[in-house]
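Note sheet for the following structure.
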Amino acid sequence: MSKTSELNMETLKKMSNAIRVLAAEGVQKANSGHPGMPMGIADVATILFSKYLNIDVNKPDWPDRDRFVLSAGHGSMLIYALNYLLGYSDMNIESLKNFRQLHSNTPGHPEYGDTLGVETTTGPLGQGLGTAVGMALAERMSNAKFGKNLVDHFTYVIVGDGCLQEGISHESIEFAGHLKLAKLIVLWDNNSISIDGNTNLSNSSNQIARFKASGWHTQSVDGHDFDQISKAIENAQKTNKPSFIACKTIIGFGSPNLAGTEKTHGAPLGDDEVKKVKEELNWKSNPFEVPKDILSNWRASVERGLKIRKEWEDRFNKSPKKINLLKIIQTIYPKSLIKI
Amino acid sequence: MSKTSELNMETLKKMSNAIRVLAAEGVQKANSGHPGMPMGIADVATILFSKYLNIDVNKPDWPDRDRFVLSAGHGSMLIYALNYLLGYSDMNIESLKNFRQLHSNTPGHPEYGDTLGVETTTGPLGQGLGTAVGMALAERMSNAKFGKNLVDHFTYVIVGDGCLQEGISHESIEFAGHLKLAKLIVLWDNNSISIDGNTNLSNSSNQIARFKASGWHTQSVDGHDFDQISKAIENAQKTNKPSFIACKTIIGFGSPNLAGTEKTHGAPLGDDEVKKVKEELNWKSNPFEVPKDILSNWRASVERGLKIRKEWEDRFNKSPKKINLLKIIQTIYPKSLIKI
Amino acid sequence: MKLEKPKLATRQASLEFLKVLSSNVDNIAGGSADLTGSNLTKTPDMNSVKPKKFKANYIHYGIREHMMGAVMNGIALHKGFITYGGTFLVFSDYMRSSIRLSALMKTKVIYVLTHDSIGLGEDGPTHQPVEHLAMLRATPNLNVFRPADAVETAEAWELALKYDGPSILALSRQGLKTFRDEKGNDNLTSKGGYLVKDFGNKRDLTIIATGSEVEIALETSDLLLKDNIKASVVSLPCWEIFEKQSEEYKLNVLGEKLKVGVEAGSELGWHKYIGSNGIFIGMKTFGASAPANHLFEHFGLSSDKIREKILGKINT
Amino acid sequence: MKLEKPKLATRQASLEFLKVLSSNVDNIAGGSADLTGSNLTKTPDMNSVKPKKFKANYIHYGIREHMMGAVMNGIALHKGFITYGGTFLVFSDYMRSSIRLSALMKTKVIYVLTHDSIGLGEDGPTHQPVEHLAMLRATPNLNVFRPADAVETAEAWELALKYDGPSILALSRQGLKTFRDEKGNDNLTSKGGYLVKDFGNKRDLTIIATGSEVEIALETSDLLLKDNIKASVVSLPCWEIFEKQSEEYKLNVLGEKLKVGVEAGSELGWHKYIGSNGIFIGMKTFGASAPANHLFEHFGLSSDKIREKILGKINT
């Protein structure tokens, strides 16, 4: 499925820092939002989106695309920054500058229907995970109907500490484990921080053991090590169980004074600290500007998805099941079912 | 705390069968209810109530009593049968005959305030476990205030498969494990049956591993083996962690044709089958009659609680903290707090 | 008068509808949170999803309501299936947040919520919804149906399938008379509310009811006729849709005389229809554990007691 | 007129109350579901429960609302503590079932639910309650307080502590004017609702509001006075308690003229007070992500827009 990326570490780091800076700047401009989560998970997201996630930004509703769910919805700037970098047609620099403003397509939390590529509304913690289980189940049920040729995609979810504390996570983990939803891959933003402070204020569970108990494939990686992340995703794609990857991260990574603390969770870093982030990350551009070479690297990465989508379309056009699939995707119901 | 009971196995079996028969008959008379759960868990409950649970039926609100919560509230006939056998003043044979009738003190699910000894309303699955965690936490917080002399009791909970599937169980297990609520003991009615059928229809979690992942002490026992149950409870009392005891049981134990099936979950067994239960259990009495010797065994078992309560009262009366404790138990608030 | 049809619980009518649906479409993803036999969500020809068997159309969610709602949202967002899931109406509490997200995203998800009142009977107050219809009706974008008989149930199902958003079907445990003549081709539920007994401009008052209480309202109207009082009866299965009708239509249905609301739930919201001067007969408290017929009597939800209240009002 | 006091969010007023409470009693078991700094539930002198440290009075529940409600029920049933817990009002969804059990058992549990409307601002519709006040008001035995300023907040706290049952405190994120003179010794919230601006028998209409909308209602009244219209203003912080007042008192408060309800939530339930002819101004849809002041304007909840609507109604 995936081949080792030609992008070298340094390039990846820059691509990832682009997310960090845009997130910090977007939140700063809005004077409201959650910079820490996108900055912390940026390395994981960079690997996932540039190397593995099969989407086509020009055809965001292509049926056999991989699904991506940001269950930790407060990290919405992650999606907006990514979507800008990937080149979604609705996501330009103006959008990022209008973060959290009325009628913008960059609302405080990802809202289904407001933004291309946002597969579901998230924000109420844990809901994204449950919803993703539904997507992964629908994928398997569709696959059983239409075969691997037409339906065969992954569902990736990023969850935070909050998602995993909520009860719905238990219900979802048990159920997905029971059904062996092998194409479901959950990445945990394991930053040991939530709003009240260190998560050890209220938690001391062993999450790996917990997921194992429900029949999941589990791995732990350094969430700032590109190689480890890549390998873990590749392993996860191969197992016959749903997969859990605990990614140890530092919330607000890149912020010299605030990284690793709850202060980066839900408030702007402050103008000064944003400056320092840029120094720390050796980021020379003006606000909301991404250096051309980095933008090109991101934009080039979407070719992979485009190609895969086109291959799928060829198979689809040749398939005798085409009509049926189309009909069902549009969820057409028989006209009169009223007689009982 | 506990001493090996003088009651021999055979007597215990009879005491336990009294619960089974009363549950089957109560549900049959009401033509509505859940016989399977009380019949399955009867052996566990018999050990817990006759040997360990420190309550005084004559003083059901004694502050330092152990708390008992039936989180699997549909098994309410377990409580009503037990409370009759133990001799609670409000629970007579008429009450059992009026199971699930208007204005009776034996409603379909245990309702706080309707029945002596019912510590909390249960029925919505999983709630009892969460509520019990609150009780166990309040116990520790009171203990920290008033010392071991005045506050030192256990909270016992019986949960079913349903409670453990609900998300609230996860939140409760994680939180109790984190706080090391060592005086919380959870007994799981592990009967592998819920309403839709075998629990393997929707679950394949390893519960022991799950509780371990959150820092609990765990044990597995045969829920029909008195010795194993006793030992497990004694072990549980001694650990410095909250305790989980998986009790493998057979739902509807004693019903020759229906035991082990979901048919016993939520419907009367039928007149014929109730008869067969009594044959199977070698139970000769008329409906709603408990043989005198068995009743005496049950009634004698409450002496233990009475004695412990009196000892507590002595300590309490001598304690300088008496007034304070009383005041706080009555939750008196300062009169005027309105000025801000 | 035509022959009386056998009583049918609306949850049973729903099953009958599902039998037709499932024999017509091959992309159902139904399910229940471990209440299959109570919600009547599984038809005999449906088969269950299992670990390695995904060519199936019924999901045993286990006792996981919150997740069931979220999973249904995920199935709807993924596209490809008609998705519905069952539990007791009272346990909509456990999936409030998922229902809200269905409403916010307008996912086409159908919640089959049975045992929709004290008509549930012996299980008692923890299992008897009181505030739930209000909670659901207050939620934007959510169509809340409480059909009164088998025909309305089929109509509600049809409307739910057509609506580009989530629907609630609040269904009875107990059998209800089929008062609608199913031969008519009009989907009357598509008006949200309509007259089921109409005295035209001779009406003295209007009794407005939903679900299982429509039968009681009709009985009350019959009783009142003996008192020489003409009580038109309105069934109001879906408030959200009723609100979308013209002022004229609504006024014509509700009338301008005394209005009496009857629903075995909270009064919250009812004054919009009954006005400041109206009477509401429902649940002021939580329910109780007893056989259903005792409970309807106990809580004043019988035609006798309603008649008395109406006479009391008229005579003051 | 007296000098204007600084604006204070009611969540902040609640913290001020807690400071007094916690310095007066030693049996508090407060807490929050990981929103301590937002709910303002922890006073500087409170200390946190930890694994081996139970001599403490503040509980970090983690992001576990459902359990928090149940645990508070358990603490209340065990006896010995004044227990309260905080989260955002919208996440009462996650603990609906626990709140319901508080109400059914009448446990003395206080739910401190802040960020009680679109006043929450940028976090957007998933975080902005709309239907929640209705859902909670429909629940029997539950006192739902939505205080309008610092004084009402203290009064609500006092009533919650006295009530033998559960209470909801719905509190604002945003600062609100203190319109009440806190020197009076009467707890006016103990009436459930009362006139905050009274034109006596000269009133032309009544604006009824709760919480943060009382300030807007007062502004609207001021504007209308320039149009020569005398709008009395009612604050209705607790419907359940207001319902218990005499008919005479209620009539005196609400008046018999045009009534206008203003609340940044669902209209469900309001017609009991505004009547069939009244106007309700609130949320017909879910909220949106934007700064709070933009949202109040956008959703028509500003004194300008309310004045317009009232004039429109009067002039037809």
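What to note about this one:
In order of appearance the chains are A, B, C and D, and numbering begins at 1 in each one.
In this text, contacts are C-beta pairs under 8 Å (C-beta built on N, C-alpha and C of every residue); 3 or more make two chains touch, one makes a residue touch a chain.
Only a predicted model underlies this, so the values are computations on that prediction, with no experimental measurement involved.
Under the contact definition, chain B and chain C share the contacting chains A, D. Centroids built from CA atoms put chain C at 39 Å from chain A. Between chain A and chain D, the centres computed from C-alpha atoms are 37 Å apart. Inter-chain spacing, taken between the CA centroids of chain C and chain D, is 31 Å. For chain D, the set of residues that touch two or more other chains comprises 51, 61-62, 64, 66-67, 91, 93-94, 97, 100-101, 104, 125-126. Those residues of chain A in touch with two or more other chains are numbered 111, 121, 124, 165-168, 171, 174-175, 178, 202-204.
Under the stated contact rule, the graph of chain-to-chain touches is complete, every pair of chains being in contact. Listed in rising order, the residues of chain A touching chain D in the complex are 30, 32-33, 73-74, 100-102, 104, 107-109, 111, 121-125, 161-162, 165-167, 194-196, 199, 201-204.
Looking at the complex, you find that chain B touches chain D at residues 63, 67, 111-113, 119-121, 124, 127, 129-145, 167-168, 171-172, 174-175, 178-180, 328-329, 331, 333-334, 337-340. The touching residues of chain D, counted against chain C in their complex, run 91, 93-94, 96-97, 100-101, 103-104, 125-126, 130-131, 134-135, 137-141, 266-269, 271-272, 275-276, 283-286.
Against chain A, in their complex, chain C makes its touches with residues 13, 16-17, 20-21, 24-27, 29, 49-56, 59, 61-62, 64, 66-67, 69-82, 97-98, 100-101, 104-106, 108, 150-151, 154-155, 157-158, 161-162, 182, 187. Interface residues of chain D facing chain A in the complex, by the touch rule stated above, are 32, 34-38, 48, 51, 60-64, 66-67, 90-91, 93-94, 121-127, 288-291, 294-295, 298.
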